[in-house]
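I'd like to ask some things about the structure below.
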Amino acid sequence: MTIRSDGRAVDSLRKINIIENYISSSESSILIEFGHTRVLCNTTVDLKVPIWLKGKGSGWVTAEYSLLPRSTPQRVRRERGSVSGRTQEIQRLIGRALRGVCDLSLLGERTVTIDCDVIEADGGTRTASVVGGFLSLVKALRAIKFKNGDKSIIKSWLSAISVGVVNDTPMLDLCYTEDVAASVDMNVVMNDKNEFVEVQGTGEEATYSRETLNRLLDLAETGCGQIIDIQKECLGDSLP
Amino acid sequence: MTIRSDGRAVDSLRKINIIENYISSSESSILIEFGHTRVLCNTTVDLKVPIWLKGKGSGWVTAEYSLLPRSTPQRVRRERGSVSGRTQEIQRLIGRALRGVCDLSLLGERTVTIDCDVIEADGGTRTASVVGGFLSLVKALRAIKFKNGDKSIIKSWLSAISVGVVNDTPMLDLCYTEDVAASVDMNVVMNDKNEFVEVQGTGEEATYSRETLNRLLDLAETGCGQIIDIQKECLGDSLP
Amino acid sequence: MTIRSDGRAVDSLRKINIIENYISSSESSILIEFGHTRVLCNTTVDLKVPIWLKGKGSGWVTAEYSLLPRSTPQRVRRERGSVSGRTQEIQRLIGRALRGVCDLSLLGERTVTIDCDVIEADGGTRTASVVGGFLSLVKALRAIKFKNGDKSIIKSWLSAISVGVVNDTPMLDLCYTEDVAASVDMNVVMNDKNEFVEVQGTGEEATYSRETLNRLLDLAETGCGQIIDIQKECLGDSLP
Amino acid sequence: MTIRSDGRAVDSLRKINIIENYISSSESSILIEFGHTRVLCNTTVDLKVPIWLKGKGSGWVTAEYSLLPRSTPQRVRRERGSVSGRTQEIQRLIGRALRGVCDLSLLGERTVTIDCDVIEADGGTRTASVVGGFLSLVKALRAIKFKNGDKSIIKSWLSAISVGVVNDTPMLDLCYTEDVAASVDMNVVMNDKNEFVEVQGTGEEATYSRETLNRLLDLAETGCGQIIDIQKECLGDSLP
Amino acid sequence: MTIRSDGRAVDSLRKINIIENYISSSESSILIEFGHTRVLCNTTVDLKVPIWLKGKGSGWVTAEYSLLPRSTPQRVRRERGSVSGRTQEIQRLIGRALRGVCDLSLLGERTVTIDCDVIEADGGTRTASVVGGFLSLVKALRAIKFKNGDKSIIKSWLSAISVGVVNDTPMLDLCYTEDVAASVDMNVVMNDKNEFVEVQGTGEEATYSRETLNRLLDLAETGCGQIIDIQKECLGDSLP
Amino acid sequence: MTIRSDGRAVDSLRKINIIENYISSSESSILIEFGHTRVLCNTTVDLKVPIWLKGKGSGWVTAEYSLLPRSTPQRVRRERGSVSGRTQEIQRLIGRALRGVCDLSLLGERTVTIDCDVIEADGGTRTASVVGGFLSLVKALRAIKFKNGDKSIIKSWLSAISVGVVNDTPMLDLCYTEDVAASVDMNVVMNDKNEFVEVQGTGEEATYSRETLNRLLDLAETGCGQIIDIQKECLGDSLP
C-alpha cells in the first residue's frame, strides 16, 4: 500500500482547522487550515451591484484570491502591475463555486466579496479558499436582516477538494510536493447532495482514462462529505 | 425528442469545415469552422525557449487566443490595456491541451506558438481552437527537419468539443444561444484512445449529478471520435 | 522600362477583390484584398457619442486598426499592454479619412466604429483599410432608417492608395518588399472630385523634390479613380 | 487628565505581542501586534543585488508593504493596477529605516526583502512594520553563515512609534480613531542610543510649535525605549 | 570655518529669483530659482472637487511635480508608464504643505492644482516647489471674486527649505553635490509664526542626535524667515 | 486683403526667438519661440544604440515630445498612464524629420535623444520642435570629437513650418486660434535645397484641391527659407 510523505492513506484528508473571527474589522472572517495550507477568508457586503445587474433586484457574489509573497518557499512577486492568468482562473473558480449554491435573486441589490488571502501555501489553496469562503459567506449573510427572511439564499452546503494521480496512484487532498509530482490534477467542487458544481481535471503533459476519472471522483466525493461534516461543527446543522 | 434550433439531434456535431493554407505568411495556417464559429489558427516556430527551459534541450508549445471585436453580435472591446480572465483561461487551456499530446523533449529548443484568432463566434470557440490549433501544429512540425526524425513528437491525435445541459437535456456541440441557456457547460479534450487531456465542467448557478456527468462524457466521446476522423481526412492517417 | 517583382507596370494597381458580408455577426462586413494584403472591415453603430459631443445632435465616426500576429512573415506581438505609435497613427488616419467625407451633423447621436483587422499584410494595409472601411461604412448606413433621410451623410466617394519612390522610380500601390526598399513613402486619400482628404509623404532618411511630389500625386490620382470605379461596382453608382 | 478611548494614559503604549515563526515557508517570519494592529513580517534573502550595486561587494535591504483588503473597516481595493503614493511612501520609509542601522558593505552581494503585510489595521501600521521588520531581519541574518562573521552588520537596535496631537494633547502610539482626529501626526524611528533615523511630522491642515515638537519627541523617546526592551526579550540582549 | 563649494556660509541661502507671469496661458505662473534650481509653478482653478468632497461646500488644493528629462546631468526617463515613489512622495508633500495654510472651507467647491515642473534641478526642488507654489496659489486666488471675500482663505505665509549634515556640519539650503554627500537630509515647511507644517528628517544610512536635530531646525527657521521676506517683496505685505 | 488676428500678412512668420544654453545640465539646450509658442529642446547623447542596431556601427536619432500641463489655456493631464496617439504621432514626426538630414552611419554607436518640452503652446509646436531640435542636435554634435571628423553627419539644414487654410485663405505659420478654425492643416519639413522631408496635409472634415495644395507648399517654401536664415545666424553658415 502506498505511504505518502506525511504518512496519510491515499484517501485521507489533512488535518483541517477553522479559526472563526480571525480579524475583527470585516463582516466575517475565517482562517482555514488544511495541514500547512492557510487561507484567510474575509467577507464584505456592499449595497450596490455591478452595472449589468442594476435595477434587476438581484445580487452578486464574487471572490478575489492572492498569494502573500512568502506564502511559498520561493518568494512570488506581488501582482501589482497585472494579475496573472493563474490568479484570475482561481478567483473566477471560487466565485463561480459560491454562486453555484446561492439564489442570487433573494440577495437583493448587494455585492458580496470574499477575499481569500493565502498566508501559507502547501497545495490545495483554491479548494481551501472555496471551503473557507463558503463558511465566511454564510456567517456574513446570517448577520444581515433580509426583508424576506434569508433561509433560502444558500441552497445547499458547499465543499471542494483536490485529487490527483501521483506515481500512478489516485490520491485525495494533495500537498505541494504531491501536486508538483502529479500527472493528473483535479479540483472538484460539490454540494451536500453529491452533486457537482465544478469538475476541472487536467493532464499535466499526460492523459488519463475514464476509469481513473471515476476513481478520482470517488475520492473527491468521500473527502467533500467529510469536509461538510466539519463545516457543520462550525456553523451548526442548518443553513441560514 | 428534443429538436434544436438548427434542427440537429442532441448528439450531432455542426458541420465542420477546414481550410488549409488560409494565409501565406505563417509557417502553417488553418481556418476551421464549426457552423458559424470560425477560428484562424496560425503557427509560429521560434528557435528559442522561455527562460525556465534554457539549456535543457527541451521545447515549449503555447497558444494565444483573441476575439475579433465584431466576432460577436455585441462588439467586444480590444484587450489593449489588460487581458481578461476569460481570455487567459482559454489560452492556457489551449496550450495545455496541445502540450498534453506532445513530447516536448523531442522538440529541441524551440517555442511553437499557436495564434487562435476568432473571426466569428457562435459558441465552442475554445474547443474549435484546440482542434484547429492541433492541425496547424502538426502541419508546422511536418515542415521541420528534426535531427532525430520527428515521428514521435506528437504522441496521439487530439480533439475537443463542448457539451452541456440545455433545458434539462444533455447536448453535443452547443451553439451560442444554447450555451447562454445551458445550466451546465463542459469542455472536454481527448486523444484518439478515448483518454482525457482535460475535463472542465461547470454548473452555471446550478449543480449536476454524477449521472449527468457520465451522459455528457459519453456525448463528448462520440463527438471527439468524429472530429478525429475529419482531421485524418485533412492530415492523412499517420501523424507527422 | 521598370519591371516590378510581380510584373506590374509602375502605374498599375494590384488585383482588388471585395467580399461582402464576410461575417454575419456585424452590421456590415467587408473583406478587401489588394493582392496578398487582406483586411477585414466590420462596422458597429452605437446610439451614443463621445462625451465632448453629448447633446449636440451630431455623431462621430472612428476606426480601430490591428495586425493579426501572423499577418506578417515575422510574427508581431499582440498590443495587449499598450498600443504602438504606428497603430495609433494608422487608426487616427483611417478615422480622419472617413470623417472627411461624412456630414456628421446628419448622423444623429450615433458613433460608428470601423474595425480594420489585417488578416494578411503585404503593404498598403492602411489605404486598403480606408477603401474597405468606406464600403463597410456606406453599407452600414444604408441599413439605418434616418429621420431626415440619409442621402447626404456621405458627401462623396472616398479612395486611398500608397505611392512611393523605389530605385528612383515613382510607383503606384507598393507591395511589402517595395515598401521596405522605398526612399519616399506617400499615402494619399482622395474623393471622387480629385480633391485630397489627406496627403502624407515621408522621406525615409531621404528627401524628395517638388517634381517627384507631383509625379507621385499624379500616380495616386490615377489609382484612386480606378478604385472608385471598383467601389461603384460593389455599391452601385449612387451613394446612400 | 486626558482619558483615551481605550483607557490608556497619554504616554502609554498599547499591548505589544510578538509571534515568532508564524509561517514556516520563509527565512524568518514575525507576526507583530500593537493592540488590534497586526502585521506579518516575512524576510527573503537573495544572492543578487540591484543593478546599481553589482560588483561592488555590498548588499541591499528593502521592504514591501501592503494592506489586506479587509484589514480596515472599509474594504480597500487591492493595488493590482498601480501602487498608491501612500503605499510607496510607507515602504520606502520602512526600507530606509532598516538600512539606517545596517552596514550594507558587510552583507555581501545579497538583497534582503522584508514583506510587511497588514492583517488588521488599527493605526500605527508603518511603525509596527519597522519594529516587526527589524526582528524578522535580525532573525534571518542570524541564520546566515557570513564569511567575515556577522556581528557588525546590524549596527544598533531599531525602534519606531507614532505620536500625535489629539484634542490639543500630545499622545503616544495612536490607534486609528485617534489618528483620524489628530491635528499633528508624527512617526519617529530611533536606535537604542536615542538617536533618530527618521522624523516625519505633519500638520493635517494645521501647524505646530517647536514646543509641541519637543513634547512629541519626548513621548517617542519613551515609547521607543520600551519597545527595544520588548525586542530584547524576543531576540536576547546581543545583536547578531 | 567650513567653506562650501560655492563659497556660501553654512547658514546662507542661495540667490533666490522670482519671475512672475512666466507663461500667459495659466491662471498664474511663477518661475522660481534657488541658484541653478529652477521650477515653473502654474496654477489651475477648476469648479469641481474630488468625489469625497462633493456637496460639502469645501474645496481642495493639490499639486503635481515632475522633473523634465534633462533637468538633471543624467537624463531621467519620463514617467509615462507609472509614477515613481519619489515623485509621489514629493507631490504629496507639496499638496499637504499648501493645504496646511489654507482654510479649504472658504474656498467653495473648487479644486486648485499647482503644477510644479522642474526645468533644472540642483538640489532643493521640493522645497522650491512649495515656495513657488505658494506664490502661484496666492496670485491665482487673488484673481477670483469670492462671495464671502477672500481675505481668510490663506491663513499664513508659507515657506520651505532643505537643511542637512554634510561632513559633520549642519548646513542650510543644500545644492545637489551637498545633498548627495549629506548623512542627514531634512526638509522643513514653516509658516510666518515659526510654526511647522512639516518636518521630514532622514538619516541616509546614518543616525543623528537630538542636538543635531535642534541645530538643523534653527537653520531652517532662519532660512524660512528670509524666504518669507522675499515673498513679501513679490506679493506685498498683506495676504489675499 | 486678409488681416490676421495679430496683424500679420498671410505669408508672414511670427517673431522667432532663439535662446541658447537655456539650461546648463544637458549636452545642448535651446529654447525656441514662435510668437507665444515656446519649446525647450534639450539633447542627450548616449554611447549605446537600440537592439536592432547593435554591432552595425551605425547610430540613431530619436525625439520625445510633451506638453506641460498648463502650456495650454485648458490644463491637459500629464501622460503618466499611457501616451496619447497625438503625442506619439508628433514625436515620431520629429525623430523622422531629424533622421532625414542625418547620415546615421557616420554617427557611430550613439543614440541622440532630443527632448522637446512645450512650455507654452500657441500653435505650431511640432514644427517649432523640429526647428529647435535641429539647432540643439547640431550643437550637441559639434561638441563631440568624432574619429572620422564630423562634417558630413548632418547632410543639410532642416526647417519646418505649418501652413493651412483659414476662412478659405491659405496662410503661413498658424497660431492656435487659426489652427482651430482651419479647414486644411499642413505641416511641411524641408531642407535648404527646397526638398521635402515630410509633407502632412489633412482636411479637417473637409477636402482640398491640388491648386490649394500647391499654394500651401509655396507658402511653406518661403517660410522654411526664412527660418533657415535665422538658424544660420545662430549656428553660423557652415554645418558641423
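To keep things simple, chains are lettered A, B, C, D, E and F as they appear, and every chain counts its residues starting from 1.
Note that in this section contacts are C-beta pairs under 8 Å (C-beta built on N, C-alpha and C of every residue); 3 or more make two chains touch, one makes a residue touch a chain.
A quick note: this is a predicted structure, and the numbers were derived from the prediction, not measured.
The pair from B-C, A-D or A-B that reproduces the interface of C-F, where over half of the contact pairs by residue number are the same, turns out to be A-B. Distance between Cα centroids is largest for the pairing of chain B with E. Centres computed as Cα averages put chain D at a distance of 52 Å from chain F. In terms of their C-alpha centroids, the spacing between chain A and chain F amounts to 60 Å. Looking at chain A, one finds that residues 82-83 touch two or more other chains. If the chains shown are joined wherever they touch, the resulting network closes on itself as one ring, and no chain has more or fewer than two partners.
One full turn of the ring, starting with chain A and passing chain D second, gives A, D, E, F, C, B. Contacts from chain D toward chain A in the complex involve residues 23-26, 29, 36, 38, 40, 42-44, 64, 66, 68-73, 75, 78-83, 113, 115, 117, 119-122. Those residues of chain F lying in contact with chain C across their complex are 82-85, 88-89, 91-92, 96, 99-102, 104, 156, 191, 193-203, 205-210, 213, 217.
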